[in-house]
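Below: a set of structures, written as structure tokens.
Below are two complexes that have subunit A in common, paired first with subunit B and then with subunit C.
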Partner chain A sequence: MFRDVWLIAGKDLRIEMRSRVGLNQIVPFAVTVLVLFAFALDTDQEALRTYAPGLFWVTVLLAALLAIGRSFAVDLADGAADRLLLSGIDPIAVFGGKAAAIAVQLVVLEVLLGAGVVLLFDVTVHRYGLLVCAGLAAAAGVATAGTLYGALVAGLGVRETLLPVLLLPVVAPVLIGATRAFQDAFGVAGAEGWAWLGLLAGFAAIYGVFGALSYGALLEEA
Partner chain B sequence: MESAVRLRAAVTLLGRFPALAGVDLDIIPGEIVLFKGPNGAGKTTLLRLCAGLCSLSTGQGWVLGHDLNSERRMVRRRVALLGHRTGLYDDLTVIENVSFWAQAAGASSTDVDEAMERLSLTGRLADTRVARLSAGQRRRASIASLVVRRPELWLLDEPHAGLDQQTRDTVDTLVRGAAAAGATVVLASHELERIAVLEPRVVSVVGGVVRADDDPTDSESPDPSSEAEDDRRVS
Partner chain C sequence: MTTATTESTSTTEGIPATTSSKATKVLGWLTLAGFAVLVALAFAWVPEDTRITEQGDVVGQFDAVRLMFVHVPSAILAYTGFALTFLASLAYLRWRTDWWDMMAHASAEIGVLFGVLTLVTGSIWGRPTWQTWWEWGDVRLVTTLVMVLVFIGYLAVRRIPADVAVKARRSAVIALVGAVNIVIVNRSVDWWENRTLHQQSTLIARKIRDETLFTLSFSFAVGMVLFAWLLLHRFRTAYLQSQIEELEVNEALAERRAEAGISETPEGRS
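Now for the complex of A and B:
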């Protein structure tokens, strides 16, 4: 099982590194969104610092939509999705591998955007442990939910427009929890960051289990 | 002897359209079978049904002894389907693609080397990204990624399309070799004279149903009902 998870994740990550779509398109898109937020609020530096966690996570979620869509597009482009069904790989492993690859991309994105937030929004990190744990848990939550909903819409001609409509409301708890945890880590609000981290971990666990159990049926329909 | 493929009154709906409208078919292990028929007749759907990729709406079917209603995952592990699309990743090289599908099927690196050799995908070509290959080279790479699976049932949709003469001969050799080794080979093709050298049993597919035929080189007369089906699909 773990060998197949690694096989799928390795394949997806190798494709992303090779194609450079993440580096040349998704990261610049995310940085642009962040800069636009800075332009919109730059007369009020205090507001920028206060809202930096929320702006950071909205940007991550928007960029995540592109990464998730891309993950399924490469399988659909020339019939590889059918080959995956015929390969004999357990759907749970396909789910785990795709979610892991998306999570790795999101963590890389978070690191780059985090540096951008520190530079552009003039925030200071007070709790590095909380920041790292919340970033990892949120990436896992968005990746598992995104993989599930990505498979749900994969077979539809309107998947690019339908994915945001379905996924963004679902990951709203991640936005709230990660924003509160980052507020605590940045020291901009008195939120109980570790408690919100529990919510993030719970969300990732629920969608991880739910996705693993239902992914086979979703692939059949796609 | 247990059939490699056994269908009884098999109906497959694509949306509301009956792509297969009550198919009865038996294929014995080791047989080479050609599905012939006009466009839209249901050949590709029949291949996908045998691969476990389409579901039965009504009727019954068994492939390699597995029930198509309840054991499609077991069927899929034991078959190889060459469709119109290659099933390859553009941003991976040929060797990376073939190795990925080999590992997915539990095949060894020796199997990969052997398949690459048989399809003349050695040297610089092996390390070339699939996106940079010609259509014929992509087709060869796609076939190589199926060869490594060592399937018991080959389902080949227009296997000679886009291939040069030398690779067509290679495909014919593969088909004969697979059948000689006990695998079953089912092809769908319009190149009847080309396929005839494989001496297949011919099954005509017309309007979503099948009928037996003997001469693989019989010309395919235009079929009004099938043309009408094409129109209905489009609409």
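Now for the complex of A and C:
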């Protein structure tokens, strides 16, 4: 089972490594969004520092939409999804693998964006442990919910526009929780950072279980 | 199911040409009459909501309290609609019948309608009462907004041209996840800003005037009748739509067969 998860995740990550769509398009897009936020909030360094956690996570969510869409577009091309189905790999492993691959991409994106936030928004990190844990838990939450919804809209004609409409309201708790945890980690607001981490982990767990259980039914008719 | 005229059904055998029936007519008239009585009660009978504080200031909702007779039932109908969508989706995944799928679709649409009405009336009510159109710290407000957005997404999926069974199954999963999500959103917003402007359980605490309480209860009753009326019509519209689609498929099949020169229809098709 874990070997299959590893197999699927490795396949998706290898495709990303070779195509470099993530590095050449998604990361520059995310950095551009950060720059746009700076323009929108004027040259007020203080405001940027205060709102950096929220702006960071909105950027991650927008970039995640692209990464999730891409993950399923790759599967749909050349009937790869059918062959994946025929390979006899347990749908739970397929779900786990795809979610893991997306989560890894999100973590890479978070690291790069985090550097961008520190450089551009003049943020200082006070609690590294909380920062890392919240970053990982939020990536897991967005990846599991994103994989479930990515599969839900895969194969439907209008998936590019449908995915944001469906996914963004659903990941609202991740935005709230991760922003609060980062506020604590950046020391810009007194929030119960570790308590919010619980919400993030719970979200990832709920969507992980739900996604794994319903993935088989969704794969079959995609 | 209906008293449709025979000439209008002649082209579509066995399919009624209307969503109206004896039951919906009774419900429709009951709703109209109930609404007329409700308007009279709300504007003529219920007094302004005022209270004199210990300092002698006059406070309260004043005339805005009359909006409650639309706002509160709307909220209840919205939640009823979404709860019904959740149950129908669950039932669809269990039994896989079109009936449950149509029920989920119909109740979701009514839920969104009343959800939007709840937000609009609440906003109008909040302006004079809370001095704000919108309050981000309020859990119920934000939860309801996210819920309406989730189900607008659900309705978007329902509008996609796709295979009926595929659409039904995916919609059902989206409704289930969406409903579970409501709980998470509610909890997270609660932690986010642990404060609320909404009054807690005025009904139970009996801090409410008898006239207001009676009118509010009456508005619930009218709302429920309206809900049943809308649901019946919307469900039947969905049914007729599915019949039309089937009819079109059959006609297209018959045409292709005629082109190919095959006269008899194979089994399973009528």
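Rule of thumb we're sticking to: the second predicted complex is superposed on the first by the 221 of 222 C-alpha atoms of A that agree within 3 Å, B and C clash if a C-alpha of one lies under 4 Å from a C-alpha of the other, contacts with A are read in each partner's own complex, and residues count from 1 in each chain.
Throughout what follows, a contact is a pair of C-beta atoms (placed from the backbone, for glycine too) under 8 Å apart; a residue touches a chain by one contact, two chains touch by 3 or more.
Quick caveat, the model's predicted, so the values are computed rather than measured.
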item: Residues of subunit A touched, compared between subunit B and subunit C (which is higher); value: C
item: Touched partner set for A:F210, first subunit B, second subunit C, both or neither; value: second
item: Touching partner for A:S19 - first (subunit B), second (subunit C), both, neither; value: first
item: Partner chain in contact with A:G79 - subunit B first, subunit C second, else both or neither; value: first
item: Contacts of A:G157 with subunit B and subunit C, given as first, second, both or neither; value: second
item: Touched partner set for A:K11, first subunit B, second subunit C, both or neither; value: first
item: Partner chain(s) touched by A:R180 [first = subunit B, second = subunit C, both, neither]; value: second
item: Subunit C partner contacts - residues on subunit A that touch it in the complex; value: 148, 152-153, 155-158, 162, 165-166, 169-170, 172-173, 176-177, 180, 195-196, 199, 202-203, 206-207, 210, 214, 217-218, 221
item: Residue ranges of subunit B touching subunit A (in the complex, touch as defined); value: 51-53, 73, 76-77, 79-81, 83-92, 96, 100-101, 103-106, 129, 145
item: Residue numbers on subunit A that touch subunit B, as the complex places them; value: 4, 7, 11, 14-15, 18-19, 74, 77-80, 82-89
item: Residues of subunit C that touch subunit A when the two form their complex; value: 146, 149-150, 152-153, 156-157, 160-163, 165-166, 169-170, 173-174, 177-178, 180-181, 184-185, 187-189, 191-192
